[in-house]
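Chain IDs A, B and C follow the sequence of writing; residue 1 opens each chain.
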Amino acid sequence: MMKYWARITRSNYRNIKEKSIEVFFSAISITALLILIGIFVFLFITGIQAFSETSPAEFFLGNDWNPSAYTTPRYGTLGLVTGTLMVTLGSLIIAIPLGIMSAVYLSEIASPKVREIVKPVIEMIASIPSVVLGLIGILFLSPLIAGIFGLSSGLNAFTSSIIVGIMVLPTIISISEDVLTSLPQEFREASLALGATRWQMIKMTLLPAALSGIIASIMLGLGRAVGETMAVLMVAGNSRAMPRSFFDPIRPMTANIAIEIKEVVKGSLHYEALFAIGLVLFVMTFLVNFISDIIIERQVGRFKW
Amino acid sequence: MVNDHLKQEIYFMSFRLATFLSVAILLLILVYVFKEGVGVIDMKFLTSMWSHRDITSGGIFPAIMGTVFLALGVSIISIPTGICTAIYLNEYAKDTLLTRIIKLAVRNLAGVPSVVYGLFGLSLFVVFLKLGTSLFAASLTLGCMTLPWIITTSEEALKAVPVSFREGSYALGATKWQTIKAVVLPHSLGGILTGSILGISRAMGETAPIIMVGATFFMGYLPNSPFDKFMALPYHLFILATQHSSPHAREYALGTALVLITLVFILNSGVFAIRYTLRRKKEW
Amino acid sequence: MVKLEKNNVKVEFRGVNFCYNEEQILFNVDFKVPSNRITALIGPSGCGKSTLIRCINRMNEVIPMSRMDGQVLYNKENIYDKHVDVVELRRRIGMVFQKPNPFPMSIFDNVAYGLRLQNVKDKSMIRETVKESLVKADLWVEVKDRLDLSAFRLSGGQQQRLCIARALAVNPDVILLDEPCSALDPIATARIESLLKKLKKEETIVIVTHNMHQARRISDYTCYLFGGKIIEYSETEEIFNNPQNKLTKDYISGEFG
């Protein structure tokens, strides 16, 4: 009898211990959710107050951002948004072809030895701090661009597109490469057995099969380009005027926040307007991530029999 | 037929060129920073306090230490939290709505721009919780930012543990926690570690958030407590590159960049070393 | 069907149905496992024999989205009862898997794992039990000088005997083996078979195998499963020499699977 009871209590004790460990882990795992909600809430409650004094129409459609004007401060973000879109577009035009070509090369053409060396190198590009790339942009690339195109300054949308393109490149390469590598070997064999050359196999079988994964990698790269701050802050030229071409200086939304947040009075309309820009950025990247998430889910589900 | 092969040759050649261009960019950056920055690096540059007026008479010691302290702070905050979350998501969580929402949150957090984390840290940690612009607030802010990366890589490492290990352990009457502790964690530790180090090394190079929540350009001393401001390498080089009037600012910025890259690469090569030994271990 | 005296029944299935992901794997299974005998489960792949054996130590619970009803009695007690502690149960019922799955630790630590789970702290006792289990599993002679070696350095057959030793170390009452030889060569298989014959003096053994010859060589009772149902269950000699059911006859004569 004694023994029986001893066993019951021991197993109860063990169950309680197991349960509390599980509760402990689950409580911690909610942190991530709390952070996401916290970001939205804190940006929202500060950012929304900006609209008590400036109209959404002016904020979204006005292209004059001049919060420190002596007479009438202006909070139009269209110029900043245009700057962000230009850098994003420009960087993707550079990174997409380079990225996909490199991914195909690494997964289908390169020898294992080359892949072993090149993949870590690509990862290393990803680990270069953006501020260092910005520095390269200022000191090396922008004089070069100014010289080539005969501009008075090389700090413009074009130069920052190149720098941001370099930053986006590793994302596109590594995700596209993963997607290509994960395609079933049967695809390749079936195609080659029908007499396709390796290029025909890549073009007609592998790339279409990997398309949604490649698109997802581009979306993730797009998210990075939209959110990139330091490199564009240093290289884009910092002009609040509405840009007319890629050789104009610009000031993307991220750079604008980073420059001005240090100088504003907390609680002022200007401070709130910067949070409103942050909120717009957050929503933009949230949507981009959400869409790429859905695409990736689909890609993953597609080739599981 | 001949035409097809020629086409293939041309395409493959252009793919090869694209890849080597990507690699060349990296090498170019490294060579440039090294060549232009190595000139200012000496013991004084690395070990003395920053002198603001005449930058040649001081060094970047406080910026190096600030970045190291920050990396430690971020590690203490995000690594345990990240590992615990990954353990919960991969080992315990059933497919409930809450789990799915947490997973969605993790994936979305990974895509939030760093400058937005900065605004969040500023309003929550600095203003709302009254931590002030400080090392502590910066560690918390970057901790939030690195958390999703660490969760994701740790989860991958846990997923890589074969089901057969878990089954073998359960079949011997191990509880879930005993199995995690004795079999799952030892086997996935390498992967978790490499992921964490990569996350921390990325945090070390972040600039935009710490500008808002605690980094300062000039401090005559090292931070005494977590509530002090601090200097940091990336912010330091940013100011030197854009806002300092000294004629030596350029080479000092490059020297600082070289130190920063070196720190990041030291951490990364640690990761490669771990991966290499792990791969060899698996070939036992 | 097998007639067993009541006190010789170790495990008994009563009307067990098992579903995974809306697909029913086992249909109304009634099945008795005699103590201190080797019982073999045979049948084509996908017939539910692995699922059936995993009901005995509740390993199916590890799989999400599975559902089971009916009773499984172990020593006359329903193991699916609420108050039964699954951890205690698995300490009484050991299991060896299809692919050898030693843990990534030394040979010694692998065998000591189960003891340490039960908080056995006495070092000399652990050492004794490890040795004893390795001797029983017919592995001691080969590894006695290198107990600190990683378990992965052993050959496949040695690894599987290590897994048997690991299961024996906690002194179980029943041992379940899920196709333990399917990844092994004939010589390693023969060693494990002779080992099992020795072990049945002390243990009740249930083995899943897709190899009919193996079932015939080692088992006392054989059960043929097809499509999640028990088609025929009787003494091994009987089932192989004189199968009653046409399905069994076809399978045994090699016209199927």
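Following the convention adopted for this analysis, a residue touches a chain if its C-beta (ideal position, glycine included) is under 8 Å from a C-beta of that chain, and two chains touch if they have at least 3 such contacts.
Keep in mind the model is a prediction, meaning the values are calculated, not measured.
Comparing the CA-atom centres of all chains against that of chain C, the greatest distance is found for A. Among the inter-chain contacts, the highest number of C-beta pairs connects A-B.
With centres computed from Cα atoms alone, the innermost chain of the structure is B.
With centres defined as mean CA coordinates, chain C is found 52 Å away from chain A.
Inter-chain centre distance (chain B to chain C, centres taken as mean C-alpha positions): 48 Å. Chain centres here are Cα averages; for chain A and chain B they lie 16 Å apart. Residue positions of chain A touching 2 or more other chains: 14. Counting partner chains per residue, chain B has residues 175 touching two or more of them. For chain C, residues that reach two or more other chains under the stated contact definition are 87-88. Those residues of chain B lying in contact with chain A across their complex are 4-5, 7-8, 11-12, 14-16, 18-19, 21-23, 25-26, 29, 32-33, 36, 81, 84-85, 87-89, 91-93, 101-102, 104-120, 122-124, 127-128, 144, 147-148, 151, 175-177, 198, 201-202, 204-208, 211-212, 234-235, 237-238, 241-242, 250, 253-254, 257, 260-261, 264-265, 268, 272. Chain A contributes residues 14, 17-18, 21-22, 24-26, 28-33, 35-36, 38-39, 42-43, 46, 97-98, 101-102, 104-106, 109-110, 118, 120-125, 127-136, 138-140, 166, 169, 173, 197-200, 220, 223-224, 226-230, 233-234, 254, 257-258, 261-262, 266, 274-275, 278, 281-282, 285-286, 288-290, 293 to its touches with chain B in the complex. Within the complex, the chain A residues that touch chain C are 7, 11, 14-15. The residues of chain C lying in touch with chain B in their complex are 57, 59, 62, 64, 87-91, 94-95, 97, 99, 101-105, 113-114, 116-118, 150, 152-153, 163, 166-167, 170. The part of chain C that touches chain A in the complex is made up of residues 85, 87-88.
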